[in-house]
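Below you'll find a set of structures to go through.
First chain A sits with chain B, and in the next complex the same chain sits with chain C.
For the complex of A and B:
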């Protein structure tokens, strides 16, 4: 093949898993074959697992350069943190 | 000669030679993903070959195990169909071969799973699931290439034309066998037609139907394949590994 097939990201929910987890990526010419390849590469054709494949180009990621603005904006604003409550003794699993 | 031994040997040889050809692709496939898929299928075929040849050896009762049958027979003693011994060619030829083989093996193993012989039924039940995967994989590629670019369409059609004459041998009637292959032809044709149509390919109309594999009369390709496969065992007969 002169040029490699597009890249796909693979998310798998294990048989007893609660959510789909990103497990890796692979190349495939289209979604159908991406699913087959993912089954071979990441699940060994186990039954009872669910697979999602997403073209890597469809994913927008947050930029590491903007980390401060994205994830660390409010440390100096204590009023944004829900730490001013008195939890009654009877509430066990809050 | 259509005893259970001959029948089991035939199926085992088909799977063994198919595995050997697919193994040749290792590290040479168009993509890493396809490398893994082809090796996967080769391992499935080899697994089926081992079960079938072991059982064939027991049926024969001459003390030959799977290794003796695989490594100590000449090409004239092999009973595989001609289809599986054909060279790999380009990727389209390999997919055409795998597609026709699995479209034959799936109904064969499915029928075998319900036969009276318990061992063969168990082998059929196991191999059937793997064949379904092989058929799925090769069908997808036949469609991708057939309905892909002009070049891939040309290559896929060439491959189908080249391999097609060899499928007729698979359905030689054998009423005495546990599963008469002739009864599988209708299902095979239906599977093949549906995929070829979707792939925008045409089924060739030729009357040429080479055969002989079941009688040990092979193409010139088999002895080269065996020379490579058997070299070590023949150099050190009786060694353990």
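For the complex of A and C:
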């Protein structure tokens, strides 16, 4: 039996101006076939105008266990949001 | 329900199936938007954490902790669902070359292509649980995993393609719509996708039967004959009655399943009666009648002994379906090897250029 063909993650951009969104995964021996299969599998009904395929092995994911510690610093830096700042009355275009 | 395309999600319950799919999709987004609790605290009991996520109607994702039995039951269910889509291409594929018009043939081709796609979405969802597709395919080929009993029945006439769409895909969609709210995220998302496409299948089947039943007497008789043959096998698709269903209770507690086999079967019967009336075809059950007290139809149960025989491999086409699948797999081996060798050669060339 031959080696199982590798897994690819598929990202599709629905229209110009939107971002690529992960839509699923598939098996294919190489990138070109992955792209063709993704076309048939995920854009049969005009779901997209652009496809990215990425070998699943090339993706590193954060772990749910470290979720809190990993994303916590965002919570105590409220000054990163524009709403943190007070704008005096009467200032326009700010 | 057929023809009820634009039901608003709020009045969708019991009505438009597509509406229910939309509602499930909205619920999925809302659950994602709700502040989700993070991973378990270091000293937290993992079982309690898991139960908490399920209680809150949030989704379990691939890297979350889950009980081993939950993982196993999902692998079994999703894989068998995927196998069903793949084997299900055969009974309909049987009529591609003999479809009565070019339009019907093109539609049937698109439908069978969808089934392949559904199989692939589902295998991908199963793979997030830590098995490989090749393993699952091997389990199917070895006869150690099952596929839906319905695909062991033969397609004897063109009308059967219509009956499969209306009844078989109809039963599938009634079964699958609640799975759009299943607690395992990848499965729920795959089901949303599948259900939307499945409702195209159900409608194309209904249209075939409608055209036949409003055609010549011979066409109408052919349509009636196929409904007569597919009605009970379709009812059996919902599985054994609640008392005999081995996995139901635990699956409901884990929110993999939302309704029992019998509840879904009843829902299916209730929606088919009116659809059959519009077709002008008769459902082959002399005891089918409205029960005012229950606000549902009373009906004759399918033959569950027959269902068990079919599941055990003794249905009309079990051997043929598996032989066909095994042959395609074996005879395709050299093509898979060629593709792998070509990919390896190209990768090597690329490396050389880069070096």
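We adopt the following convention: the second predicted complex is superposed on the first by the 66 of 94 C-alpha atoms of A that agree within 3 Å, B and C clash if a C-alpha of one lies under 4 Å from a C-alpha of the other, contacts with A are read in each partner's own complex, and residues count from 1 in each chain.
Just so we're on the same page, contacts are C-beta pairs under 8 Å (C-beta built on N, C-alpha and C of every residue); 3 or more make two chains touch, one makes a residue touch a chain.
Values in this document were obtained by computation on a predicted structure and should not be read as measured data.
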First (chain B), second (chain C), both or neither touched by A:5:
both
Partner chain(s) touched by A:54 [first = chain B, second = chain C, both, neither]
neither
So, does A:63 touch the first partner chain B, the second partner chain C, both, or neither?
second
Quick one: chain B or chain C, who's touching more of chain A?
C
Quick check on the superposed pair: does A:25 touch chain B, chain C, both, or neither? Answer first, second, both or neither.
second
Does chain B (first) or chain C (second) touch A:36, or do both, or does neither?
first
Contact residues of chain A, present in both the chain B and the chain C interface
1, 4-5, 26-27, 29-30, 33, 40-41
Could you list, by residue number, the parts of chain B that touch chain A in their complex?
30-33, 36-37, 40, 133, 136-137, 140, 144
Contacts from chain A onto chain C in the complex sit at residues 1-5, 7, 24-27, 29-30, 33, 40-41, 44, 61, 63-68, 71
Under the stated contact criterion, what part of chain A meets chain B in this complex?
1, 4-5, 26-30, 32-33, 36-37, 40-41, 45
What residues of chain C sit close enough to touch chain A in their complex?
38-40, 61, 63-64, 110, 113-114, 117, 120-121, 124, 127, 132-134, 190, 333, 336-337, 339-340, 342-343, 346-347
